[in-house]
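Both of the next two complexes hold chain A, though its partner changes from chain B to chain C.
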Partner chain A sequence: MIGLGWTSETATVPDGLRLHGDGPIRALCAPTAVSKTARDRLGMQVRSFDAGIDLLPIAPSHQISSQQAISMMRTADMAPIITQLKTKGQLTLSVQQPQIATDPISDGRSWLAARKNRHDVRANQADLLHHIAALAGRPVSPLRRTNHCVQCDILVERSEADKLKDQLAHHLHGSSGLVEGVISITGLWPPFGFADLQRLGASAA
Partner chain B sequence: MIAPFEIAAADLQDTLTRVADAGGRVQIDPDRVENDLARLVLGLMEFLRQLMELQAIRQMEHGYLTEEQEEKLGTTLMRAEAAIHDLAAKFDLTPEDLSLDLGPLGRTI
Partner chain C sequence: MGVELHLATADEVLCSGDDRLVDLVDGLLHHGVVVRGELWLTVADVDLVFLGVDLLLAAPHKIRPADQPT
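On to the complex of A and B.
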């Protein structure tokens, strides 16, 4: 079986999933046959979360066995972070940069100018995300970047997520002309951005 | 039986890049030492190249560079990036693979 995360819940889990362990914290696991890809694992984590199970999630891109998940549960002090994340999920703010095909640059000055422009655009996007996230008045994860996207997560109580999402969406709509790229807010997700496996001692697994 | 679950592609990409991923840490696997070392060395080279790029941009912004110096610096950095990416490709590494996780310090790129 494959580990999906850890929980202090003892409630019934969705069909096909199992809780391993008999202590206050248990590992939520799924059969290997149906959790081979990151997409499979993400789907089951979201389904569990939507079913009301508070989860300290393992990143879907990181496949660890149920034995490893149980081992980590026994060696790492997960209780504080599970308590901290209980009844919470995350909203994710993103600025997606459109992928535009451009002519290759062959001279050094133009290349440097293009890089300066890219840095300026990214700094502008980061400033906007920081500003919007600050409006939420909730814990915010550090910014993450991929080639065409910058994101951050906001930790929020499940019960107030819809209201906050609407408020932030309103601010995002009003800010859409201030930066290059498409701004969006998604969620509610399991609190992936606040589950620091390395801090919990992932290497012990 | 587990029911199928549909997620929009953009949402999936959002979520798969969570910081909770421990897979990005520097790890050397005995079965693929060459690739892992290449990733480490090329990642550090790309990190240093990006620092130099930032420094060049800063100098350009402040007007410290002549046109000739901008051309020379830009060409050097551009070719260095292409060379690093070419070398990475020989080890089946993408530019994104060169981002190294330095733990509490964050990622290099």
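On to the complex of A and C.
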């Protein structure tokens, strides 16, 4: 079995998943055969979260056995952070802006110019994300960068997620001309961006 | 160019083949219970070097399988 995360749920979980442990916090695990890839694990975490389970999620890219998940549960006091995140999920914001065309890289100067261009695009993306996050007025994760975009997460009560999505969409439509770029607002996701193991590690020490 | 806005649920993102949404999922995969360290070395607004590291925090004797020597 592969660990998906930890939960205070002690009764029902979606078909095929199992709870391990016997305390107030349990490890939610999935059969190895159906959780081989990070995307498989992410899919099952989303399914569990949608079923109403309060999940402190393990990063899907990390394959942790159920035994290891149980061991970690015993070394760290996870109850406070699970309680804190119990009724919450995250909306993930993503901003993509077009690259500015630059001259082909033929020497050191053009290489530096290309790097400067990339830096400027990323800075604009970050500014736009900060702008949107400020509108939300809720806890925001640090920015992260992928190949083509910049992302961040907003922590939100499950019951308020749709309303916040609509509010942000309405505001962004009204800001057309002031901001630009391709913006995606997705979710509700399990609170990946707020699963703070540093706090867990500190409390376990 | 103005704002092009896309709204999607988690299920819609997971089922999508859209490059932008695939990129979004890739960004999520490394988050959760890990600690990610990122460091950009930048000189005069030019990004020169990126260092990234994922850490999983737990007592070593607890996270290793019981039959593996410490």
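Heads up, the rule we're going with is that the second predicted complex is superposed on the first by the 177 of 205 C-alpha atoms of A that agree within 3 Å, B and C clash if a C-alpha of one lies under 4 Å from a C-alpha of the other, contacts with A are read in each partner's own complex, and residues count from 1 in each chain.
Basically, a residue touches a chain if its C-beta (ideal position, glycine included) is under 8 Å from a C-beta of that chain, and two chains touch if they have at least 3 such contacts.
Fair warning: this is a prediction, and the values are worked out from it, not measured in the lab.
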item: Chain A as common anchor, with chain B and chain C clashing or fitting; value: clash
item: First, second, both or neither for A:32, with chain B first and chain C second; value: neither
item: First (chain B), second (chain C), both or neither touched by A:84; value: neither
item: Superposition-derived comparison: chain B or chain C, residues of chain A touched; value: C
item: First (chain B), second (chain C), both or neither touched by A:169; value: second
item: Touching partner for A:193 - first (chain B), second (chain C), both, neither; value: both
item: Chain B versus chain C as contact partner of A:44, first or second or both or neither; value: first
item: Chain B versus chain C as contact partner of A:72, first or second or both or neither; value: second
item: Which superposed partner A:12 touches (first chain B, second chain C, both, neither); value: neither
item: Intersection of the chain A residues that touch chain B with those that touch chain C; value: 38-39, 42-43, 46, 57-62, 92, 94, 96, 112, 115-116, 119, 141, 144, 146-147, 149, 151, 153, 184, 186, 189, 192-193, 195, 197-198
item: Partner chain C, residues of chain A touching it in the complex; value: 5, 38-39, 42-43, 46, 49-50, 56-62, 64-65, 67-68, 71-72, 74-76, 92, 94, 96, 98, 112, 115-116, 118-120, 122, 141, 144, 146-149, 151, 153, 165, 169, 172-173, 175-177, 179-190, 192-193, 195, 197-198, 200-201, 204
item: Residues of chain A touching chain B in the complex; value: 14-17, 30, 34, 38-39, 42-44, 46-47, 57-62, 92, 94, 96, 105, 107-113, 115-116, 119, 141-142, 144, 146-147, 149, 151, 153, 184, 186, 189, 192-193, 195-198, 202-203
item: Chain A-touching residues of chain B, taken from the complex the two chains share; value: 1-5, 7, 10-23, 25, 53-54, 56-57, 60-61, 67, 70-78, 95-96, 103, 106
item: Contact footprint of chain A on chain C as seen in their complex; value: 1-14, 19-21, 23-36, 38, 42, 45-48, 54, 56-59, 62-63, 65-66
